[in-house]
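Two complexes come next, and they have one chain in common, chain A, joined by chain B in the first and chain C in the second.
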Partner chain A sequence: MGATNLVQLLVGGMAMGAIYTLTAKGLFIAHLATGRMNFGQGDFLMVAAYLSLAALGLGLPLPLAVACVILALGVMGWGLERFAVRPLDRFGTGRAAGAHAWILTTAGVALIVQNTVELVWGKSSQYSPPLFSARREEVVTIAGAGFFVEELLVILAAVAVVGAFYWFLFRSRWGKDVYAVAFNPESAALLGIDVRRTVVMVWVLAALLAAVSGILVGPLVTVQPHMGLIFTVKALAVASLGGFANPLGILVGGLLFGVAEALSNYWDSAYGDLYPLLFVVAMLVVRPSGLFGEARADVR
Partner chain B sequence: MAGTRRFALAAAAAALIVGGAAQAQQPATVRVGVIQGLSGPPAITDFGESYLQGIRLALKDHEARNPRTKIELVIYDDEANPQRAVSLTQRLIQNDNAAAVIGTVNSGNVLAFAPILQRARIPLVAGPAIATDITQRFIADRPSFIFRCSMVEQFQIDAMLDWGVKTFRRIGLLHSTTGYGNFAAREIQEGLRRRGATLVATEAAAPGLNDLTAQMIRLRDAGAELVLNFHESFELLYRPLPRINYRPAVAGNWGLSSLKVLEIVGKEAIEGTVMGQALDLSDPKARAFDERMRTEYGAAYRWPVVAALGYDAGQVMFRAVERAGRPDPAAIRDALETLDGVEAVSATPARPFSPEDHECLDREHVFLGVWRDGRVVRLEPR
Partner chain C sequence: MSPGPSRRLAPFGWLLAAALIAAWPSLAPNAFFVHLGQTFAYTAIAVIGLNLLLGLSGQMSLGQAGFYALGAYGSAITATTLGWPLLLAMPFGVLVAAAAGVAVGLVALRTRGLYLAMATLAFGFVVEIWAQRAVDLTGGTMGLFGVPTLDFGNPRNTAAYTFWVAAGLLLLVQIGSDWIFASATGRQLRAIKESESFARTVGLNVPLWRTAVFAASAMLAGLAGVLFAHQTGFVSSDAFSIRLSIALLIAAVIGGLGATRGPLLGTAILVAITELIAGFHTVGLIIYGGILLVVLLLVPEGAVAFWRARPACCGAAPSTRRFHPHQVASRLCRWRAVAARAWRWQACPSPTPASRRCGM
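Here is the complex of A and B:
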């Protein structure tokens, strides 16, 4: 395979990988602070893709459409925490019966969301208009290889969001609150941190990350009501690659996963989707804490 | 007193008799079941909705021509699911008293419920499913109740391979890994072998895949001048082409003639794509039909050839029902088999069926179409 082909596949793979990373970070942050995550993260992504499609279809300018989708998903994230997760607090997160009920409730919400979208938009697949280019086929040639403008801009946008996420986690006061709550909610409360508000913020943030991924993924894939599950599965795989404790690991893991997907489709076009998932399973057997995770969680 | 009473009784009796006779004269409504794929992937809904548009227009024409035989369509959506198709068929037979059935999109679904209808002795006009052996499987059971008004896969593959082998030296294939894709791949490889040619590259892709860049890169590197496109998401093949600098000729099954594909892929990219066809829009009858459909359905009308075959399926069914005159499945079947004088919009002949042939279209009626300037016209041999 020539260098040109390789680069083209890499860029395509990284674009999808960036989407997986964003989705996985949503899982990561919720799990970090509360020990639970949204099993419908992929379906939230799907809703965002549909809302983005609808907003752009109505002719809204891109910034306004993005704002609307982010607002809607923020409300959904708040609603999820309030109605599907908080009522289960009395079970704790240990080994008590019901401690894993959040899996069922979040997955249940995912099903409700899927069926609602089907009712509103129908079961047929839709095609998103490009976000950043006038036509999807706009090609820019770099060093002899052609790239879609859309793909390059999706990668840039995703990197920008990841950067903002890091700043939030490691540089801002709220990020420190999140880590404090993750370490020990009681001592965080004693330190004057509003634990309840931090938890709500974390779930809203996870939903916002799903919103951004959904907006960005629309032009790259076919949008249909059942696309969410496969994103949830791949985001889980990517978050596992990153060890669930290390955001850098998730970034690297996501990009690697996307690239592995593109390359394996090249080597074996019939089963291309299978190999990256097999690779993740093999990785976890060899190194269960993920690529950069420690053998022991570093915040708990 | 007695005279008035007797007169009243006689009048009442007369009224009853006349009323009863009038009731008997009233022809019973014939129910025709229609099972189509109306939801799910666009590869299905496009077919189902377009075929149904044609059927509905045919019913309108029937009602305008002969309102005496009342026909009622009982329409169900099988959601491209074989179990659902089978249970809907049973419902049509047991609950709805359908005297005949038209449908559906998936060949797998048709092959699942055709035996049920054959056993129940209820005629089926299959469509738009294209699997080659739908009617062949039953033709030996005389009488066979299974007919079809649609493209036949083998015919369009034959037409495509004849043209492809004559026009190109290097032919590649892209197929999906579903039953349909694998079956088509086998038929193509077999057909090419019989014509003394081979494929320079065969690429497979799972049906849910979003990006075919890797597959197209391999086809380009193998030097394929013609790519045979047998993947359900017809338009995916075109997406990566601009950036890998590859412009092969593309040929595939009649799915490529949908206006939806034109909408998604764009006029320039689809220019020159070849597919199996049975409707020549340069023919005045076809053009008139095209105009009528546009007036009737507006923007919802997007697939001339499938709508035309749906219209012809409706035509043959309703004419047969008219000739039978009553909800009698066996009589409708016989009327279908001996039907003559059909003025079809597609290439269906005036006498579509015979005891040995239950296909509307035969090999000589299938030709190749090509996208030229936003329209599908007949491909002229070079």
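Here is the complex of A and C:
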């Protein structure tokens, strides 16, 4: 494997890794604030990919298409929280009967979403038009190595969104609200934070992250109605790798996972997608709460 | 905690079940219902395993399909390619699954909650990918043909024999589950579920119990897989996708987690739903997801709630508000209590956290 080849693989891996990072951020923020997450995050991503494909197919300009997709996914995130997650609160958050119910309610919504997309757009795989370049295969040559323009720009866009996310989480008042609610909803409420609004916002934000990843991933892969689950699994793997408690760890974990996947697919095309998952499981054995997770006592 | 049926009456229930099992192949209106009975029996075995794991010891597994697949392939490959007799091949399949269960259980010791869900999910995917790609061994998606069925030398009675074996094993497993739920072992596992630190403090060997229950759960999933492999004589990797893990989880939750009769109810509902939506396959997932949502949002304790005196959450913490509809509802009979809760969105306020309760 030549050096050029290696760099190309790294860029391709980082592009997918950036997508995984964005998807995992959605899982992370919902888990941070509510202890729950959307098991249909990948399916939301799939919906976003289809919507952007349809919007671009209608000839909408890119900013307008992106705005439409983001709006639609925001509404989906709100609906998910309102109708599939919030009603569970009245059963308590105890570890008894309903402790894991959110996994199944969000997965139930994911099934409905999958089927709906299948009814609207059909089962077959589709190719999304490129977002930034004129053709899918447009290549730019940097230092003798050719790169897909699309991949480079996807990385840039993902980095920008991740940056915005960090600004939101660490620098804005809303981010502080989220951390306060994560720490303790009751004391947050006593401090005058609207807990319910913060929780809704977090779920909407998670859906928006799925929207951005869906728009960006469209040109990189083929889009089909059942692609969502594998994205959920990989995002979950990335979030576990980075540590659910650590937002910076997810960025590292995501890029690491994407690159590992690209290299492993190159090395062994038959079992390529097997090794990254094994790698994550092995990592969990060595560092059970992720690469950068804090050591937490088992107090429950 | 689940009171379950009275222990004195339980043996009569088992006898009744045994009689029903013996008579079912002749009672069933046609061969399809015998086939359905087989499917119900082995699926229920896997769901009982998941109920022990999640309902009793509180460990999440999203990878039960992996154990199921290992059991199925362990038995099918040895019986087909290596030509082992079924009496040897089937226990071998169960053993393979149990060994994998010990391995995953050891990983599970290091992880909790979401990380455990992730690790088991990854395990399920790893097995699925292996089953798909190791075509020489497993036949991949094309499948493994000619797996011997349970005909005991009389091919015309295969369906009944398969049903008797599967349902008989289910009965044994159910008796075992009833016993565990009522025994000291069950209480120890519940202690681990409530608080691991507490369980350790009172002298329980937590790692041992957690691994053991994982192995037991994997073994039961493997047994279900073995029976599945020999039901139709054809094993394809398509049968072992993550959807199977989710379906088993759905059955466990719909039936009622942590109740020993829950898996039977849950599996019956799951099998019924699967057959009912077969005719509407274009909207099958919508129906499936819709039922899942409705059940979880309205009757989260699962179907066993209908067998209890009243829903647990209505009876537990008295409300601080002067009047609350659930107090009225809980005095009514059990069916109306559940119905009232279904009708009124906020009938059962959560004890914690206060901030997410109604009015805030």
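FYI, the second predicted complex is superposed on the first by the 296 of 300 C-alpha atoms of A that agree within 3 Å, B and C clash if a C-alpha of one lies under 4 Å from a C-alpha of the other, contacts with A are read in each partner's own complex, and residues count from 1 in each chain.
FYI, a contact is a pair of C-beta atoms (placed from the backbone, for glycine too) under 8 Å apart; a residue touches a chain by one contact, two chains touch by 3 or more.
These numbers come from a predicted model, not from an experiment.
Visitor: Quick one: is A:229 in contact with chain B, with chain C, with both, or with neither? Answer first, second, both or neither.
Guide: Touch partner of A:229: chain C, not chain B.
Visitor: Regarding the shared-chain residue A:270, is it in contact with chain B (first), chain C (second), both, or neither?
Guide: A:270 sits against chain B and chain C alike.
Visitor: For A:108, select first, second, both or neither according to whether it touches chain B, chain C, the two together, or no partner.
Guide: second
Visitor: Counting touched residues of chain A, say whether chain B or chain C comes out ahead.
Guide: Of chain B and chain C, the partner in contact with more residues of chain A is C.
Visitor: Once the two structures are superposed, pull the chain A residues common to the chain B and chain C interfaces.
Guide: 270-271, 273
Visitor: Which residues of chain A touch chain C in their complex?
Guide: 31, 37, 83-84, 87-98, 100-101, 103-105, 107-112, 114-116, 118-119, 185-186, 188-189, 195-196, 199, 229, 233, 236-237, 239-240, 244, 270-271, 273-274, 277-278, 280-281, 284-285, 288-290, 297-300
Visitor: Taking the complex as given, what residues does chain C use to touch chain A?
Guide: The contact residues of chain C facing chain A are 54, 58, 60, 107, 110-112, 114-115, 117-119, 121-123, 125-126, 129-130, 133, 193-197, 242, 246, 249-250, 253, 256-258, 282-286, 288-290, 292-293, 296-297, 300-302, 312-313, 345-358, 360.
Visitor: Going by the contact rule at the top, pick out the chain A residues touching chain B in the complex.
Guide: Touch residues, chain A against chain B: 1, 5, 8-9, 12, 16, 122-125, 127, 135-137, 139, 145-148, 220-222, 224, 230, 262-263, 265-266, 269-273.
Visitor: Okay, in this complex, where on chain B does chain A touch?
Guide: Interface residues on the chain B side: 39-42, 45, 79, 177, 203-206, 208-211, 213-215, 217-218, 221, 233, 239, 242-245, 264, 266, 269.
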